[in-house]
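One chain, subunit A, links the two complexes that follow: it is found with subunit B in the first and with subunit C in the second.
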Partner chain A sequence: MAAVENFVVNTDEGLLPQADALPPELPSLPPGEWMKKNLFSSPFSTILTFVFGAMALAAINVLVDFIFSDERNWTAPATNLRLLMTQAYPADQYIRVWVSVGLVAVLTGLSTGLWNAGDALSMKRISMWFMTGGSFVALVALLAPFDSGRRTTWLILAAVVVGIGLAIWFGLGERRRSIFVRSIYVVFGVLGAIIGSLWVVKYGNYALADGELVADPDALVAPTTRIPWTILLAILVGTYFIGRGLAGKVAALLKAIVMGAWLLAPFIIVWVILRDPDLDWDHVISTDIPMALAFGFGGGLILYALTKPGLGEIGKIVAGVLLAVAAFNWVAAFFGWYPMLQKARLSFLFLAIFALAAANFAGDRRTRLQLVWGWLGFMAVVHYMATMANTASTLEIQGDFFLGGLSLTLFIAVLTLMLSFPLGVLLALGRTSRMPIFRVLSTVYIETIRGVPLITILFFFSVIIPIFLPSGMGLSETAAIVIGYTLFSAAYLAENVRGGLQAVRRGQFEAADALGLTGSQRTGFIVLPQALRVSIPPLVGQAIATYKETSLVSIVGGFDLTRIADKVISAQTDFLGVKMENLLIISFIYWVGAFSMSKYSQKLERRLGVGER
Partner chain B sequence: MSISDATTAVSDELAARDDMIVCTGVDKWYGDFQALKGVTATIKEQEVVVVLGPSGSGKSTWIRCVNRLEQHQGGTIVVDGVELTNDVRNIEKIRSEVGMVFQQFNLFPHLTVLDNITLAPKWVKKQPKDVAEENARKLLDRVGIPEQADKYPGQLSGGQQQRVAIARSLAMEPRVMLFDEPTSALDPEMIKEVLDVMKELAQQGMTMVVVTHEMGFAREVADRIIFMEAGEIVEVGTPEHFFTNPTEDRTKLFLSQIL
Partner chain C sequence: MAAPSLSTTQQQRPPLYRDAVVVKWALQLFILFLVLFAMWFLSKEAGDNLKAKGISTSFDFLSIDPGISLSEGIDTEPDTGGRALWVGMVNTLRLAIAGIFTATILGVAIGLARLSDNWIVRKFGNVYVETLRNIPLLVQILIWAALLGGLGRVALDNGPINGWLHISNKGVSIPRVFIADGFYQWAVVLLIGAVVGRWVFKQRTLKKDQTGEDTFPLGYAAAVVLVFGIIGWFIHPVFGFLNAPLQAISDAFGAIPEIAMQLALSAVAILFSARWIRNFFAERRTPAGTARLDDDDWFRVIFAAVGAAFACFFFLALWPGLSSWLINSFSDLFQVLADKFGDTPEGNARNGWPVDAKRPDIVQAGNFPNYGPAGLNMTLGFAAVFFSIVLYTGSFIAEIVRGGILAVAKGQTEAAQALGLRRSQMLRKVILPQAFRIVLPPLGNQYLNLTKNTSLAIAVGFSDLVQVGQTVGNQTGKPLSVFAIWMAFYLACSLTISVVVNFFNVRLKIVER
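Presenting the complex of A and B:
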């Protein structure tokens, strides 16, 4: 009992800030009445219940028959799990993959702790989950083509699960409605049960060692799988409690740091951890560091000067000149007029953008220095990243890119979303702008892209564009795909954002104007936040589509999750022609990602709905 | 015509003050519909002017021209010595001196009350965050809702929202406040709390132009009343003159309908 007490939500910890104590969940109808009300309320609904019940049963039956049929070769995906996750990432460097996942686990744990994520679940609901889950296992046991021994095992398992549910239900009595558990503990519990079972249940150990199939169905999974996952779970739980502990103290600053870390994480993971750049220290000391310092401090001085209050037109002129120089550098790069490191060009461009924003930071010394500090931090990140990305990798990798399988799928999806989101917002603003030139350009762009199939754009960028690039300018396959996909996705995101922009009431614009906010302040502080909030459902829909449609990459030659499941595994000598199993497994993997995004967006909507009636 | 007669009713003391808003022959068209027809009026420093008139008479259009939410097409508008032209700097200057309170409050729903109030001071006036927040709390105190600082507008009653809107305008330390039917969207029991805040503001010497249908407020607080109809100023005078002894037939008709 003490253990349960420990897990019970203590509202002092701020799970539900406004509630003094959680009210008990309402009692549910007795099963008989519940069925009468929800399933058999009228003759028509009775018929519907039977028709759809029969259809659902038939569907489950087909699926179960498929999965447990003797013809299935589940050894194929089991053996190739690593291939599906990371393709041919060198086995001796695999620790890098685990470190990357670990970094994500740390950030996830810290975030859930800091933001106190999750709801309160009543014991009643948990009990019902056990009962429903157990019943489902029983159903599977009865429908599957099992021999009697196996069927008995499954039925016993089902009985145990239902039994736990019943024990909670009747053991707690009416208290089941007023005892609450943090949902995050339930998640940890489920993860713990799954990962813990790796140490006891003999799922079998499958591998391709030097092309030889090693299949041992009566073994525990390999320690190289068991141990890292156990450590990851410990990291996740540990960082969660660290986050919870810190939540009250320096939360605002910490939250900002964690959010920044989330933004940087994909780049650090891909270019620094997974790619392991082989740094040329002479070059770093002679060129890279001096260059970063020059841009950082030189740019900082310029920006500090530009934030001088009352600078007026001069500030705008200087910013304009910087923008022109930045643009000219890119033109020059295209025609090959003068050599320049790409990161120098990037830095010029960013400096121009910062300079354009400088007028907003005119004020006292502290406000002015905010911009300068922001610039220094930004430059540090840009130069670090650019240097890492430009240095050759130490990895020995076959093929065009060192990622493949799920890691490539995620890489393309995450990078595309991160890049296309700001672009989409800009396009939406352009399309609703009062300036005809922006309006026309954005509209033409959006309508053109939306009229072309994604696969065409991907072909165009991966095959045709490289042909027309000036000599000496290469574009890797993956980069081409990400660029093409970003341009495509941005057009759709723009339309979603535009819908949100139109939902912002005119009074909001007027209030902002009447307060003397400038046009860009009005857009940034008033209009966009409201527009984006309204657009969350379509934006997440678009994000999910972007994630799933990375599978088209397999057609233009990328070794993503789909390509490996569909083409690579089925070409191995041991698994010739084995496809359906792999496709079912990757469908599940795609589904987990998409479903999590959808769930998260519902949360986000509810949370941001605060104060909106 | 009668406008000049009525203006003479204004006390010499008022006439001696500096001009705050000077409108001369202001015209405004929506398409080919003329919403303002040569509106001429002068509002003095620290004066409280109530604008009355039937719906659609151009009251909102006029005061919205004063801070350039609408662009006038004829005549001139001079606010505190600065003429409203297409020059962006003049518009910015005037907007930072003129506060406006809307019928529908127009609070920013995604920001807390405190952020609603401090946003413009921080970004337009470049006030440091702590200074802006201290001011905001003082203003919330002044409008009587210091305890609501961390709520969102959607969690407040209409009367509280309108008081936040007033505090938000005051945070920019305006020299003139424009009110466009500030109590028309409120339930009756909340009207008083907003009017009280406005009365206090008037007593403290704020220059105010108030479009309202609250005759009690007009009678009690206004220095002068301007009556508009069909895009024109029909009659101007002190509350006493206006309610006891109006000269124009149209004014008499309006008053007979409303009182």
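Presenting the complex of A and C:
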């Protein structure tokens, strides 16, 4: 841990020799000795080398033959890229998609800069990447069913790449081991190369005009997307350097803002940017804003009063009354006793929760105001989002939901994770609780959900939930599916968190008790932070699982990446029955996401030293 | 959270709303009440809505003809809904068992490959794991289905084909080995052989322990079973006499009155509960002989007693049919066994071979030629799900195996080297036994996942339980009942797997001082 921090601080200047900070990478064995050690160490190993070498060559040959065969129809996914990404999102509103991606780029750039994320890579390693990559391209060129012209082009490309690698290797000499580059620069470089290629190569995407495939230069992927992608890359790099340039108080403030923004971003992107609510300003001024102000300031006053030191039992009683009022509002909603805006019910519930936590903020004026400011900010967000989500959209789309393809996949994955996390933590606490009824309820829930396949739960929620709802209450299919995913994922998440809770030493509990903390303080301030820290790697694993499991919505009727690749494109008249190409493309998309998350989790695991302690 | 009400010294009791025990139990009962209320409310709403929509929650569809035909299974034209679901369950289990078996072998191989000294083998394992576990299983299933669907069509020549293996876009067909007339008599001979073999094994092990010489206990035992098998192959018809005693047992079960069975079940439930409570008290007893129980302990005791009472109520009043069902099942079971030793349905004595085999054949029943019943056929759907599930789960098992081997303390390897063990001996006798212990629980989890993942077969139309249930539920308009059956089946599967894993886990546990 300490070593990592050291080295992050010391690589601040990027391309400087790190002779005193980071030990140079060990020299590798000369090729002959390396081969002797790794390929021919024993007769058995020699046999293995030849058997597996032949197998690997055969596998690459089959794959390359398959991919570059004339029978493959790669125009199918190329023409339908937009369908795969956003399904039927209106083309004239597409700027909204770019703005959403831009928001993510800004946040990514700022976070990597502010937290100084990423390792350093030695020039030796980079040079080896160039050389292996180039050799692989050459191998593909030799094995693929190319004509001689195309083969020559590929071989020249391979030679150039290998040449760059060799130039670094011999140009730097032994210094290649002690010169380090931030890995983030390598990422920027790779992204730059990909985006730069849009300006050079006209990627062959065809437009469909009058039912025929036409090579329409205006509709190629490259010219229509190169300007936005370039701007996005500039934003990413720019915000990275802004984030890195900041220090001290500004950086600390910005860190807090960025963290909050990450939490809010999915909601803002989906319900504000992409959905484009058509605000009714009369209603906003007459109802929404006054209501938000009333809850904000009324609630703020109550909370300020409740944080008065030495309030004793009265605080608890007031909080209890507020909770009862909030609960009663929901019961009344079920029976239809009196009308109330949903966000008012939500606000009452949140006020009760804040009031329950108020005792922890009793103290001087500053501490008390912290809670009040938190409440005001929270209310602003809740009321803004509720107003936006409740307003009709200006988008004209067919079907149930305006997202589709990759955007639906990501939407379900992110929303499921955000919603199931608190539920999972509660279930884990319930399962390890010393109160038997909570324990039994949580255990039964977790074990039941974990015992049945996800697809049956999705069927249950998409088909059967309308039966359970009271008359007059409706639920869109997407919402039903997200609820199903959330309840499913929460059970698994709870088990991961439980693992973390069990890893917290008994002494920590005892120390908290000795300090006189209450049960909720002990859980919130002592136990959970340590438990969650330990369970970060399994939680990332759960995130990967959820991301992959989103493909199951295609079975219950959602138009996600899998459904579009498997059913929608292969039903188009031009690409009738073309499946394999689309499936391979989307498996690559899924793979990129899952693989980068798993690499990140492995890095985290090393950082947290879970394996070593 | 000590219980103040049990403190021995006389203290001023706190007010009711500050008494930890009171607050704790009030909160729990309140939440329990909320949960029960919500469930009651939702089921009431569901009942009303179901009535309005004309959907019933009964299980009568189990005995009604669902009017569907299945793509494959032990019965493709089931005459009742229950039969259809049963076919689905058998298909799911076939897929799961075959998958678990193959995925384990593959996973262990890849896991060992990732730890190999050889660079190519190691890279091969890495690429395999990192590729396959990061692509959703459903997408892999669809890819396999697309790949297999592109294979050649079945040729038109009827009758047994000239070969052992046939691959086409209808699936894969290999020779089928099947149970013939004399199998059960032969199985009795094998069973006796196994008992004798076990005795020989113990004798040889004892001798090895006493004298230290290598006595090959396993080899001897296997040889004994083999000899019995060969002799039994020829003499098995003599065991036909077992028909009579089995028939008698079946009749005896059939004669048990229903009330006796109900009382016996209730007695078992009470006995179990009483034993548990007695042991619980014995555990909590202090050396002085007095039991000190806090409120949590009392909850468990009361829970056990209430559980027993509920079980009695269940057997006697709630579902009295269970007892007669159990009686009939036992009676039927022994009747079936007795029939296996009597004459064949055609009225022949059971003198034939125990097992027989046939090669694949191709028949044209409808418009298109397909594989006939002679060979062991793997349909396209089965093959797609099977291959993808094995490769996918194999990548996870490989990671578990690798992790388990790496988790064996380094000192163990060094100690084995210091003893002068060869590398293979070290793996077999020191590292793998310890790694197996670490690997077992997550491995059980993977088996469970594999079983649940077979439900994705619905995407390629393979008739597993979920696909059949979905069809039956839609046809008969009883999705809720089907969901209950799904849950019961999959929970039973996971319970079985965790019982098996726990059994080995307990047996393999290191006995600590």
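Worth pointing out:
The criterion applied here is as follows: the second predicted complex is superposed on the first by the 567 of 613 C-alpha atoms of A that agree within 3 Å, B and C clash if a C-alpha of one lies under 4 Å from a C-alpha of the other, contacts with A are read in each partner's own complex, and residues count from 1 in each chain.
Simple rule for what comes next: a contact is a pair of C-beta atoms (placed from the backbone, for glycine too) under 8 Å apart; a residue touches a chain by one contact, two chains touch by 3 or more.
Quick caveat, the model's predicted, so the values are computed rather than measured.
After superposition on the shared chain, subunit A has more residues touched by C, the comparison being subunit B against subunit C. Legend: residue contacts after superposition of the two complexes on their common chain; A:52 is shown touching subunit C, with no touch to subunit B. By the touch criterion stated above, A:422 is placed in contact with neither subunit B nor subunit C.
Of the two partner chains placed by superposition, only subunit B is touched by A:529; subunit C is not. Contact with subunit C, but none with subunit B, is seen for A:583 once the two complexes are overlaid on the shared chain.
In the superposition on chain A, A:508 makes contact with subunit B only, while subunit C stays out of contact range. After overlaying the two complexes on the shared chain, residue contacts for A:363 are found with subunit B alone; subunit C is out of touch. Across the superposed pair, subunit B and subunit C touch subunit A at no common residue. Interface residues of subunit B, counted against subunit A in their complex, comprise 67-69, 92, 95-96, 98-100, 102, 104, 106-110, 112, 119-120, 123-124, 126, 128, 151-155, 168-169, 172. Put simply, subunit C touches subunit A in their complex at residues 1, 17, 24, 27-29, 31-32, 35, 41-42, 45-46, 48-50, 53, 55, 116-121, 124, 130-131, 133-140, 142-143, 146-147, 150, 296, 299-300, 303, 452-453, 455-456, 458-459, 466, 470, 479-480, 483, 486-487, 490-491, 493-495. Residue ranges of subunit A in contact with subunit B, taken from their complex: 309, 360, 362-364, 366-367, 505, 507-508, 510-511, 513-518, 521, 525-526, 529-530, 533, 608, 610-613.
Against subunit C, the residues of subunit A that register as touching in their complex are 38-39, 41, 45, 48-49, 52-53, 55-56, 313, 334, 434-438, 441, 448, 450-456, 459-460, 463-464, 466-471, 519, 544, 548-552, 554-555, 562, 566, 579-580, 583-584, 586-587, 590-591, 594-595, 598.
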